[in-house]
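Only one structure is covered here, and it is reproduced in the block below.
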């Protein structure tokens, strides 16, 4: 592993740290033809605290992403900033010939995601949206099983994503509460994930009908005696119809007291079913209608066998992995795609399709009726 | 318990048997001022097999419900027939001064349920819709806790009702598949239950938007080489908005492979949350935001203590009860309401409100847009 | 069902009520050639409250069991009294030619159980010990699966039976705390059940080594300012070796805070495993080493299909039954064994073998070493 | 973090890799006054494959541990070799003034562990046994709660450790099957962990009575047509009595089909209870007898809050960590203890006490009677 590949990261908050950890660890678990080097980091706010960036040993710091994307010694740009900057940074990076991995949701709306996609393709770079849950081993196993026909024809894809950090009315107003700055709230943050998993596991969505809710319409602005208006959704639910005929139901909320990061999938098919819960992400529930009739039941598969996706890189059976490992899988696969000049998924096209669906839900919520997702 | 009260039942199929079992057992568990007597049974089909009716010792058999409701020795009419007969039987029974307990859904549409309610009130009888799940002890406990404010303001009421008996394409065409005869399929059968629980636990629903699905559009007609058209829904999902502001999400399907009678409630509030699953009906999950912060978690309450609703009638802690017991609770409470001349719930008004919501969902599914539930 | 069979019951407390309920209901669910008649009841204490006996309609009341067992109109004696009376009542009943069903544990020690067995055999009557958990459908299914070789060779049988009703130090002294009167405490009450299930599912036990514990050595005597000494065990654990080579581990305790009636079995074999929990008695967990390797996992079988043991008598799939139903199964099978003059199990021989094991554990606890169970 | 601390590791197999990963990552998550440097690695077999050691960047390789422990540039020796080498390596390391962290079980018997402890104390070094499960956050939380008196007086500590990798009779004979080389099998490997947790959570054990089992007495020697004799236990169970009066029950087996790395604790006390399962190591079940009586139940605490032990170093609530993180916690705390010259636990004294208990169990299994653990 003499060869190196140089990484530049933008965004030094929570997601920046999760990605950094993955860049730091990935070569210890994936067989790669080059070693990723933590070359340069920057944040939108040049004064931003980035103790973790120093700690992990990023070699240099830039004060603007515009400078970062132009650096000749950088091969990959990793975008971990708020949604409204994804498009400009990724387009600039692509135009400078950098490979790009970008946090989700892809951007603010489908116009932006389309331009991201088109520019990336034109530049011939590798591009990826960091929908990391595709690379939870249990989800990757579910995908394999669905591809093998284990579920037969899919009737239902029901997904919830529950968190509870906004239940507290004292939680302050932040930019995320402003629809103008954030695009949306729970919808873009959480439904973006479950919509990606829906497309991954079941296929394209044809039409949707949704509802957005704000439960606490004003919150205190920190360091002030004023309140800010909450315009980004606290919760968004929607019904969906998949192209192949399945029925979809999605709920995303930050008002589910007691649920911390609870993402549940239920996929019901003509031959069997699969359910999954992110808080127990090392497990997959599988029901087969082909088991002996008196012995049918949902199996709790502990997805830690070396024969399961990604698990040959980790520990013996029953020794579970955590949330952060999904980023190592994602970044490992991204590096392999670059090395082998292969297509990686989910890419910017997936990000764009995802955004078209999210946009359609928001339109349907406004119009109080079903909306067809554009082709 | 010298006094007697005489029961006449219409409908000698599955639900007739469950009700009969409750009439047979109830006086052993409830302190009642009179003993119910299994006086007379009949079925819509005079030739119907009713081995269980003989076995349980119904004293006499009528060949028509019209005769039954006129018998002077009958005090209570119990209606366990298909939906399209609920209205005429209950109206006739009321006009003859009988108390009436009627299976759900209340009737075919809100016009029918309204007349049922008005006639019953005019006759001054006691009337009940057999939404038995209100009397699952865990649900009754949830109601108590919500009334005491344990959940605070409710944000979400999410309910699913999953069964899988129609997944098999060889399952034959029966009258239940005809929307004209059955009113609806999964919707009237299953959403009727969860809508009742929603009204019971959270309150009235203001508006809805739903989708109906038929996954297998034709099925073989038994004893024939023809197929019948399936017009009643295999699955119906809908979004809802409650009057008090909560957001609702309902799914009913008979196409959830592996789920036999899986009714899950998730109620999220500002102070806590409750979840419930009918397949583990002796348990209630409760999360309190007021527990010590490092020790918060969903509690698995085994609802078998003598201090829990209805449990003082049964066995020691940890000795679970089954599905049929909910009918004993329902019929016991109905008899007590008659004895004490008190209001019973859910009554025909609840059945009517329930039907208004079901009808609104069906209209919204047709119109592809939100519909306001009539006042 | 013109023919009748007449029942006499001794013991009008908790277990008497559970048995009465089963006699009252059984003919509604089992196809029997005669109808059980609740002929006569008595209690050891002639003044005993027996409101439930009147309520269920026992036709007559005796003041002594000695009189009851001699009555010519009685066919079956059902013994629901404390352990120290099981032997004399059952022997007297047998000598009078009555069939006998007797609560567990069979008696006070193996000398007693042997005489019960020998007298019953000499009299040629049907005899049964009411180890009702054999007839939990999930346990009966486990038995079928083990008989079919689904688990292969058994390595481990681990059983716990946890309750918590003695944790409260204010719980008063009662006769059950006196080893002289009760024989033992948790051991005879709870290990008796799990030992029966061990013999049922895995086979005879060869040797044991146990420990008895009393955690609260004195308790207040009600209506007095004195305390009574607790000599019956609060908890008993033991290791066991089965004849066929499996290793056993048993724990019974009334000091497991939060566990109400928690009986867990774990049976590990060379081809698969089974686990069971009485608080979720409608479920059986099954793991097969023969499932496809990447899809192995414990299956949660909802044991409510009509193809499952006993379930064709009850309700549709997913509609669970409760604890009391096990008595209906037991009494139904007992009546069928009488009708068909067939062997019933568990009989007094099983009760005797069970007692030999319980006695060996108590001896090992006293001697602090392993004890071989007599042949 | 200019200062460095140099690590030398012995043992380049599975545990060596888990420790290496922790040394590699620890400074990114713990605030340390020095940065650990992966200075030198060696294996017992100088030809051993150690691809991971190269991959993680160990700076140099030694061919003998005797050389390694003498190197002046090494501050800490990390011992990840088989049990029979723990004593000589750790003693040599201590005599050379190195701090030592050593895998469990501490050594082959209590004579060895005593000398390890005495030599380490004499040398004044920091010493630790790598019982990593003390630093599962849920276990650390349990410890805090027990210390605060949340469970009251402890009645029961029941622990099982189930794996299934030896069920396959084709699994070959390896040195671990030889009691002479390995000391013991499941006992030293798995009961060592649960005994450590017992001492950590409940206190010292006074006496024990156990049973060892070998289920498959011969296995094929790889690359040969001979079989080797299995003398190390496949499973060991034992009863225990704690000094403070609690009753203990331990089962360790590698023959529990379907259980991969299933370590379950159940701790029952006078005020409450705690249960834990390593396969869901981010969760802790807690029951409080002080909750409102109708609302008591086991709480499922998702141990991922920043207020929970170690979690402020990781990710937001609900984002779970994995098995490997326990090593990071352990090594982080070890480095802090060195930095602050504080006592670390579990140290070699804990390893010695642990071994005394393991030895007593083995003696009791041989003598078929209870054995008192030496003071």
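As written, the chain order gives the labels A, B, C and D, with residue 1 at the start of each chain.
Definition applied: a residue touches a chain if its C-beta (ideal position, glycine included) is under 8 Å from a C-beta of that chain, and two chains touch if they have at least 3 such contacts.
Remember, it's a predicted structure, so these values are computed and weren't measured experimentally.
Enquirer: Which chains are in contact with both chain B and chain D?
Expert: Touches both chain B and chain D: A, C.
Enquirer: If I rank A-C and A-D by number of C-beta contact pairs, which comes first?
Expert: A-D
Enquirer: Over half shared numbers or under half: where do the identical copies chain B and chain C land at their interface, same or different?
Expert: same
Enquirer: Going by the average position of its CA atoms, which chain sits the greatest distance from chain C?
Expert: Farthest by centroid: A.
Enquirer: What whole-number Å value describes the gap between the mean CA coordinates of chain C and chain D?
Expert: 41
Enquirer: As a quick test, compute the distance in whole Å between the mean CA positions of chain A and chain D.
Expert: A distance of 36 Å separates the two centres.
Enquirer: Whole-Å distance, chain A centre to chain C centre, using C-alpha means?
Expert: The separation of the two C-alpha centroids amounts to 54 Å.
Enquirer: Touching two or more other chains, which residues of chain A qualify?
Expert: In chain A, 259, 296-298, 302, 305 touch at least two other chains.
Enquirer: In the complex of these two chains, what residues of chain A are touching chain B?
Expert: 155-156, 158, 160, 162, 164, 167, 169, 209-211, 213, 215, 235, 237-239, 241, 245, 247, 249, 251, 253, 255-259, 266, 268-273, 287, 289, 296-298, 368-370
Enquirer: Which residues, counting only chain B, touch chain D once they are in their complex?
Expert: My answer: residues 141, 144-145, 284-286, 288, 291, 293-302, 305, 307-308.
Enquirer: Quick check: in the complex, which residue numbers of chain B touch chain C?
Expert: 1, 14, 18, 21, 24-25, 27-28, 52, 55-56, 163, 165, 259-262, 278-282, 302, 304-305, 314-325
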